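Dropping a structure here in structure tokens format, bear with me for questions.
Going by the order they are written in, the chains are A, B, C and D; count residues from 1 in each one.
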């Protein structure tokens, strides 16, 4: 049996659901040394800002149990350089670029989006709203529903109609469903989640914060349960909204976990640092996992874990009735209690 | 063009305070030049350590009985190197390499000085061989905290035209630092080019001594790295470009070897105010 | 040199800063098989409710990378049984009981606190506010400043004057400093942090949530960077408020990290499951770490990582000037950039 | 009174589809009774796996050349047991034990049947020896999916008065389940007491067959455990107390051995509405 792994995000088709994660794959060139980045679902670029930016002082990273902290400070060459060099490189190779943009004000985001208009190779725009709002005492956009929707609205308005705009949510909020709803109401076609959790390490030798930036973003498998929970909650509340899921995905089964929770595609971030070929391995493992479970189309597992065990039926009436994977039709007493 | 190779430990042995590990990693030796480094996965499949550890490549063998092998020398520093030091022959070891920009070699047969601190001598030894093959005179200065932290002294003696050794505690060679003896070495041998690898403080001193004398020097730096392949931006340091502008450059892909006079030594660990993209700086 | 490891939490002295964590040591009896629980700073009990409670269905746990999820549902025998059996047992052995209480309404908490009045052995009360408020559509108290302060106020009012009341904060909020402030304003003498993060695991074989309760609390070393960040932020904002720090502490150096961030004592939770003697080992390792750093009194490191490196001076003028640990007087260029 | 012992692997060997591991763990053998279990740390110091794995104790030796040893038998199931299966003699292994409540033995020399499923026979074999020492007749029923998943067949044959074997696939013994053959065994041998260890479904079937016949039975259950020592409350199942009330009890300290007729088999995995402390239930 061969599995149909294509996926659709807000009307745009992708050949498979495995993407890179913003800030963990630069703009694709480096990983292309290890595998063909056009073979991925999409390449999510490092968040691009209007101007060149030096980022923060070093140390910028600390390894933590099953994770890491980073405090890069969005170092990058600015959108012009990106449009002149990185985007054409991706387009030439047939890679689908998901351009992540970041700014300090609603206007920044609007300008960035309008600069992406009509550019070949842009498959999608991801709005990194985990940035401090310079106009509001450095409050992070993603932590406030109104600020988030202001940014998303501006980006949606300035983006080509056929290009999906995904808002990237932060888990560091009391009510992620509320923020998700605001973003969708403001025009987001989908949601990327999750960004890193705010964390910190203190160096017990120097007895000072380990990062020059003091706090940093926690990523990696350590945060996976938080990410899966966020995807689950938002898919539960907004089942029609496509989700690009991420946070600590290391294996094909981890990717499957996100799909089952409600993501239509996944991004592979931190794990790439330790395993540069991880995205292709994960796609492979995921495909095999679906095959083993007798699933013919990846789309069929999106959000599957939400459905009560007994009500899962094949979408087309199945006269034979036994090619339904045994695992789907559960009937152990241990599961009967699961609240819905 | 680095490779990711699921390799196997061929051998591991103590060398003074260090360990030397040889891994079977077909394909990597052919691509390796002196100054390249290797990124090694640590901890096994269920490890809590996600990030690779970087090590300068010491020796490579294109093909042996086992296929190509790569050797590196390391000090036990923290959890990852502690795990590495417990590897035994036939254990699996996933490596990525060769990484980074290697040392650039002089075209002519000039006088070269190599300055190594601690395990920093490891990449300098294959460099010495390459330089001798080009007919260069190679003077070696090795320094370390103590005698057991000197690596490759005998080999350097064999390859080099001369060798001077310093230790902080005077347990062997001259008591002191490499920078105490380097000026004399440069003068005596009319050195044309210097290569250095070792702790940042040593590299800074060497670069300054070379700058004073107008001697070009290349240094291999050691910055904390999350990915080693250029995608994470954790390993940056301020370096002056050929256009005179300072940028925060990735030491894993644009280094680890830099021209000594291009590194803003006093501002390593900071973002200089005049760096491209610094708050208020040039764009 | 011998280190003075005593610590003071809101006027109450403890012989050392290593406590158990609520729900990870029951009421001390089981761990007493491995070491004398009276040798700990304190024994924080499983959160006690008014009545017996059966907890949730199983599965109640899932192992995650460097952590675990739990969904116990506060199973316990109720306060009466606790007062009749567990508290006297702790008191007889000379252990300092930190009684954690949990309820579904402000009144529950008030009743629990009043029942603890005058009971020998109670050294402190920890208020677990990460419980659903039955009077407010099951909203978790800890996620709302007003709800939190209502509970804390009621507990403080009903607790003996000499007994510190600590509010235990959840990290699942946008602004932990705001919640902390409300609790302190409402009378909390100190803060315990952090409780678990809301997480979830999906079993890729059954393709259903791994826990019967669907979501669960994430704990263990995976969350340590989040916990240290919370302690840091709250100590920064409220330097006079004592903190009982916790979240993934596995070694003495981990404990030191919390002290440096601003905690005056620490709780050891999940790690005890894998290593029942961890609390005594950690106290030992911490004491040695302080010794190695030339620190004579544990109190001197509380919050030390907040102080700019150059301004650290011994509290008493030091004529010789060289018994100050080298690590404290930093002067590497790499550190000069640290924002304060 | 369990001990935490930083032990060392003495030996590890394949036994059919299982591995049998013996660890040097002084102090534990003296305290162990049949039915006790061991909690084993897995993955090494930097592992991402925090929790111990529980295994029924198979054999103990009070003192050998190496001090006391404990042996357990395990199937590779997930990450932790995969790691365990790669242990070699002299590797460190931290173990806590003996844990739980062991099987209670009959005072008189009665007729006993032991029912083991898969590796569930491991704790029954030392029990068989103890029962024989008390003069009991011991009939053994062993079942498994296939021949390679039967453990201790020869040993059972040697110790037991009789033995019946079943496999799901019929690769050896009778095709079927232990519950297919147990009624005949109970009848034929006028069994007074039954002990069982194996998968929950098997225990349920055995407990019901015994209940029908009024034969007391003790079963050793296997619930997912985070701590194994009674502090976490993850391992509970609904059990009826001597007061007739159902409580969610910890299988690690109040079990793993329970009286078969006390477990609410149909409600394992749920909280019965009439359990103490259930929403709306008794307090």
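Some observations on this one:
To be clear about the criterion, a contact is a pair of C-beta atoms (placed from the backbone, for glycine too) under 8 Å apart; a residue touches a chain by one contact, two chains touch by 3 or more.
Source: prediction; values computed, not measured.
Annotation of chain C and chain D: jointly contacted by A, B, touch as defined at the top. Averaging C-alpha coordinates per chain and comparing to chain D, the farthest chain turns out to be B. Chain A and chain B have centres, each the mean of its CA atoms, that are 36 Å apart. Averaged C-alpha coordinates put the centre of chain A at 33 Å from the centre of chain C. The distance from the centre of chain B to the centre of chain C, each centre being the mean of the chain's C-alpha atoms, comes to 45 Å. Under the contact definition stated at the top, the residues of chain D that touch 2 or more other chains are 48-49, 268-271.
Within chain A, residues 57-59, 65-67, 212, 220-221, 334-335, 337 each touch two or more of the remaining chains.
Contact topology of the protein chains: fully connected, every pair of chains touching.
Residues 48, 266-271 of chain D are the ones that touch chain A when the two sit in their complex. Within the complex formed with chain D, the residues of chain A that make contact are 65-66, 221, 332-337.
The residues of chain D lying in touch with chain B in their complex are 43-49, 79, 83. Touching chain D in their complex are the following residues of chain C: 23-26, 30-31, 33-34, 46, 51-61, 63, 65-68, 70, 72, 75-78, 212, 220-221, 270-277.
By the touch rule above, chain C contacts chain A in their complex via residues 57-59, 62, 64-67, 69, 143-144, 172-175, 197-202, 204-209, 212-216, 218, 220-226, 228-229, 232, 248, 250, 253, 256-257, 260-261, 289, 293, 301, 304-305, 309, 327-328, 330, 334-335, 337-339.
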